[in-house]
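Below, chain A partners chain B and then partners chain C, in two separate complexes.
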Partner chain A sequence: MHIQPILVALRRHKAGTVLIALQIALTLAIVCNALFIIHERVAHISEPSGVDEADLFVIANQWGAQYSTQETVERIQQDIATLRQLPSVQEASAANSYPMRGVGWDNFITMQPDQRAPTSDAAYFTGDENFLRTLGVKLIAGRDFRPEEVQNMGLRQNVATPVAIITKAMADKLFPKGEALGKTFYAMTSTPITVIGIVDVLHRGDVSTWSAPYAGESMVVPIRLAVPSGLFYIVRAKSGQLAAAMREAPKALYAENRMRIIDPKDGLLSFAQVRHRAFERDRGMAILMGIICVVLLAITAAGIVGLTSFWVGQRRRQIGVRRALGATHRDILNYFMTENLLISLGGLAIGVLLAFGLNLWLVTRFTLAMLPLTYVLGGVVILLLLGQGAVFAPALRASRVPPIEATRPA
Partner chain B sequence: MLKMTHLSKVYRTEVVETYALRDFNIDVKEGEFVAVTGPSGSGKTTFLTIAGLLETFTGGTYHLDNLDVSNLDDNARSKIRNEKIGFIFQAFNLIPDLNVFDNVEVPLRYRGMKAPERKERIMGALERVGLASRAKHYPAELSGGQQQRVAIARALAGSPRLLLADEPTGNLDTQMARGVMELLEEIHRDGATIVMVTHDPELAARAQRNVHVIDGQVVDLAEDPRFHTAYAAAAGQVRG
Partner chain C sequence: MLAYYLQLGLRSLRRNPMLTALMVMAIGFGVSASMITYSVFRAVSGNPIPDKSSRLFVPQIDSWGPGRNEKGDPPGALNYVDAMALTRAHQASRMTLIYQVGLSTLPRDADSVPIATEGYAVTADFFTMFDASFLYGSGWSTADDDSRAADIVLSDGFNQRMFGGANSVGRKITLSGHDYRVVGVTRHWDPSPRFYVAWMGAEFDNPPDYYLLLNRALDLQIDNDGRNSCRGAITYKNWGEFLQSNCVWLMPWVELDTSSDVARYRSFLESYSADQQRAGRFGWAPNVRLPDVMQWQEVQHSVPPESRISLIVAMSFFAICLVNTIGLLLAKFMRRAGEIGVRRALGATRHEIYAQYLVEAAAVGLAGGLLGLLLTAVGMSGVGLLFEPEIARLAHLDVSLIGLTLVAAVFATIAAAFYPAWRAAQVQPAWQLKSN
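The block that comes next holds the complex of A and B.
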């Protein structure tokens, strides 16, 4: 195409050209960062929990009366037994938290008792010998807890267990040279904890960004928690009987003991609901970013359509003259398409720099990762196509200006 | 070169049909310099735009360079305009965004000519109209006469067989008009066929042949006493 005369002519229309180029630049910068944020959030949302999510649900139980630790332990065991007896229930277990709960316990982990800077800040689950089996977590090395290893822990008590099961991610962090089984570490006490088992994946209770450096680093200790609230019954329904189990379980528990509160809204959640709630903010952010992308792209497209339409109107006569001098429909169409391409390329060149600049700011200001080049290239392609698409209708109108237009009085 | 027989052109609007041309007959021979005169609204511009393939006609036949052009598609018409016809408009119609050089280049680019040949032709055409030194100027920086010379250079650069000019001196003062007319005469002497619409009897008299249009028809000037005197006077002026 004839690029040189188009560029020359554009120099006589600086204001519009610069305005559209800058709009394209800004759109590119924002859109590729937004797309990257969407990608990150979606990746977060689809993180594996490590548990067998189908047929799983949780009950948040609060006692309505004061019990001693021993009484609480007994009542909890009675509840678990009640749940297990339900025909729709496969397995049940009590714990302090569960993966993707939204919040959770965590503990600084050191390799030596006097170590200053912790090696990890691991998610901390308390559970008995049924905890992992109920969740359906995959043990990849070592063994599960034995009933005799499990200790009771009441309110305001601190129990230091000598053993723990940790995730592979945590094992890799603590023992990068490999073979974590049988090795020891410390969790805020002077008692060394021996690794007796390793599970593949057990997502943290929290899903926030602060724990991103410790993603996947979880540990389970053999503790039977006996507290009046903040205790969860993890229940696995028999295959396909989740709905029935979720209906029957609270009824059975109330029938057994009325002195309890199971919040009708938050106290009974299927794991699907747990996952949905955990990533509500991520989903919201992804949707917001998506809307921003669509709106920005629409505004940019409208800007291109508007400016080109204005230019076509302004240049009707010269289009007619060009047609009179031998330009075909296609020549005129190409002229405007190429003109847009040149403006877009200029804007995109600036936009690439802006995109990385904006990303750098987001990286330092918030905890966003570095923008991969593929997102910038993707954004460039999207905006080039958008520009060519937006300019097509006015360019087509331009190509239909008849040559007779050259002879009309100015 | 240019032959129209029983040609008609009707402009239709919702309310009226205007016959801009009716039973229009003309035969311009190769190498002729024809001046077209006639009252305002008689159809001179309409004739010229049809002759230049800027517009289609309603009835009759038109042969350009022995080619029946009535059924050509738009691309073919563009190609003929580009290669065979040079236009000179009353309003000059230079492209304001382009300098003199780039303006003259426009039809050559549409012809797909290579850059070195384009440059040679552009400079040749600009030298011929005496504006080679203004190649980098923009139209707004030139006088009307100079702009029309650039337009003539643009029409000439592609070496067209037929030059169509619609009141090329209409927007110029007498001095500049004379310069443009001399240029056209020179081009004619070099072999081009020229059809020029003009209101100026003096200019018309300098053409080889005059065609008079009234109400969309060619009338024989010699048989119309009303115009005979004016024509003779103008012709006499020029000869004298």
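The block that comes next holds the complex of A and C.
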């Protein structure tokens, strides 16, 4: 295929050529970045929680009466006992929050009591001796809390616990040189906290972007939250009995003590619902970007079909002449395919620059990550195939122009 | 003449139904994607209090110091000690403090279970500062603040739930075991975004049920149910010690009427901080800020980044659709070069050709706009799929959005047609007549 004649012909269709190239360039820029946004969001959505999601549910329990700290502690212990007695319930625990709740507590972590710049900002869970077992979190080193270690925490009563269980991610951040077990750190405390256990994965309570540098860094302290507002009961159903447990648990709690609030709207959530709610934004963003990508590619393809068809119509006579002079069907087909390839390559060259430019802007404005080269290459391949696919039908029509056209007036 | 052009245009559009459909669809999709994302963006980025947004300010004092503050900026809320000091100083024409409370109450029927309620503890000036309007009664006075009265203002929704919508002023309401006297019921009033609680990220949460008198709430040790942020080692063991801690949780607002008031208040904040430094409470130089409503929304990132990114991507998408339309219009117009030649030869001026093709493009734009409107309406019902419910419910299709959709579609298409129409007008009649 000689490229020279194609280029000469294109020079006579400057506007159309530039428009197709521009459209391909812009499409590449948007599609690459949209696909990358989709990838990032999906990666966020599929983050591991570290808990036994299939059998877990959470009750947000608020108190409907005014109890002293001691009374609250007794109520909590009674509630946990009630929940554990249910035939469909395996285990229950009282906590201040749970993974992927959407918001959560976090404490600055320092290695020294007087250190000003924190080493980490860890998610802070208060749980009783059943916390890890209920969640089904995997303890990979050390031990779980003992019942006698659990302290009660009333209104604005700060409790300094001497021990904590931390995640592997946090252990690696705090003690990069190895063994964290038995070492100490400070979590906005004036006394050191000793690491007594390390769990594999325990997702933070929040799913925000600010905490991305501290992803997976969670700590659990043996505290029972006996404040006036309320707390969360994390309940693990026996395998396959989640629905039954979710039905029975609130009923049993209300039967035992009516003066409580389990919000009908979001007071009772299965972990599947928790996960669904936590990543609503990410899912929406991924869906929107997906729709835009698909429609955009369709419109670009349709645009190429439209303009090429017009060119074919305009050049029927020239095609006829070429055919009369001995060009085969294949030559004509190749001509239009190559023409599109050249325009596409030109457009894509600009598009690659635009894609990185747009990404750079998104990076500075919206803390998006850098666009990996693979996405741009993928986008280039998609658009080349799209262009060739779109041009095929008009090119085929062009190749069927009979040589007799040469003799007809345009 | 315009009617004739329109007729010509419509006839020509009918001649290439595929090409026309392609253009109409490109514009329809482009404009609807932009409008759907814009409707959300408009809802989250608007000025919630246009009349006063430049007169309401957040006084920020650096009570944490270098290394502990927000990357050099003071925290976005005040601790109890500073909040009370600023209130007592009376340096602004009005000032309020806000924190969120969550309390339980029993609905009217006695054998029901308690329900959860949420509200804000505020001071007297809150209502006047933020232009609250009242259905019944009014807010309380500064004197009530000082006498720590058990006053409460209900929202219309909560008044409906608790008192069936009746005038409840003077009635008693029990929240978490304590009685309050209803002094007012607000008319439906909920600025969006709820800028005054932007610091705790509650701009789009459910509206509050009531507003409690702050001093009373503090007396009853009603805990802060919203954001709380502390630095250093936390050592408080009870409510009283918590109030003296460096934890920030009270959201302050001041009203300052003139720019000289603003300057004076800023220097007051500085001298207050300097006093604290001299007294040894702050070990650093004064570091204060005084942003107004719109600046505060910017600082607090009230607009979710998702909303901005989707608007940008949707508008780029629209731009690509327009590039597409330019190409298709060019193909369409130039295909009729012969026809143009005849018309020019018969005496039509270039301007007339130009006008004719712009009118034709406008017809395409209008059709695209109508399709876009349809798609926007359909898309609006699906907004819940793309944004979280609190934000999705703010987006709606109103008259202004309908108008904007049509206007955007028509004007964008006409703009896209400038070049193709110009090319059409440049057609040399002699050339075309000869080749025919």
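Rule of thumb we're sticking to: the second predicted complex is superposed on the first by the 406 of 410 C-alpha atoms of A that agree within 3 Å, B and C clash if a C-alpha of one lies under 4 Å from a C-alpha of the other, contacts with A are read in each partner's own complex, and residues count from 1 in each chain.
As a working rule, a residue touches a chain if its C-beta (ideal position, glycine included) is under 8 Å from a C-beta of that chain, and two chains touch if they have at least 3 such contacts.
All values derive from a computational prediction rather than experimental measurement.
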item	value
Which of chain B and chain C A:K173 touches, first, second, both or neither	neither
First (chain B), second (chain C), both or neither touched by A:R397	neither
First, second, both or neither for A:G303, with chain B first and chain C second	second
Touched partner set for A:R204, first chain B, second chain C, both or neither	neither
Larger contact residue set on chain A - chain B or chain C	C
Partner chain(s) touched by A:P228 [first = chain B, second = chain C, both, neither]	second
Contacts of A:F366 with chain B and chain C, given as first, second, both or neither	second
Intersection of chain A interface sets (partners chain B, chain C)	409-410
Chain A partner contacts - residues on chain C that touch it in the complex	18-19, 22, 25-26, 29, 33, 37, 67-68, 102, 104, 106, 113-116, 176-177, 221, 223, 225, 230-239, 241-242, 304-306, 308-310, 313-314, 316-317, 319-321, 323-324, 326-328, 330-332, 334-335, 385-389, 419, 423, 435-436
Residue ranges of chain A in contact with chain C within the complex	15-16, 19-20, 22-23, 26-27, 29-30, 33-34, 37, 62-66, 108, 113, 116-117, 155-158, 186, 188-190, 209, 227-229, 254, 258-261, 263, 280-281, 284-285, 287-289, 292, 295-296, 299-300, 302-303, 306-307, 309-311, 313-314, 358, 362, 365-367, 409-410
Chain B-facing residues of chain A, complex	2, 5, 8-9, 12-13, 317-318, 321-329, 331, 402-404, 406-407, 409-410
Of chain B, residues touching chain A in the complex	45, 49, 52-55, 74-75, 78-79, 81-83, 87, 89, 91, 93, 95-99, 102, 105-107, 109-111, 154, 166
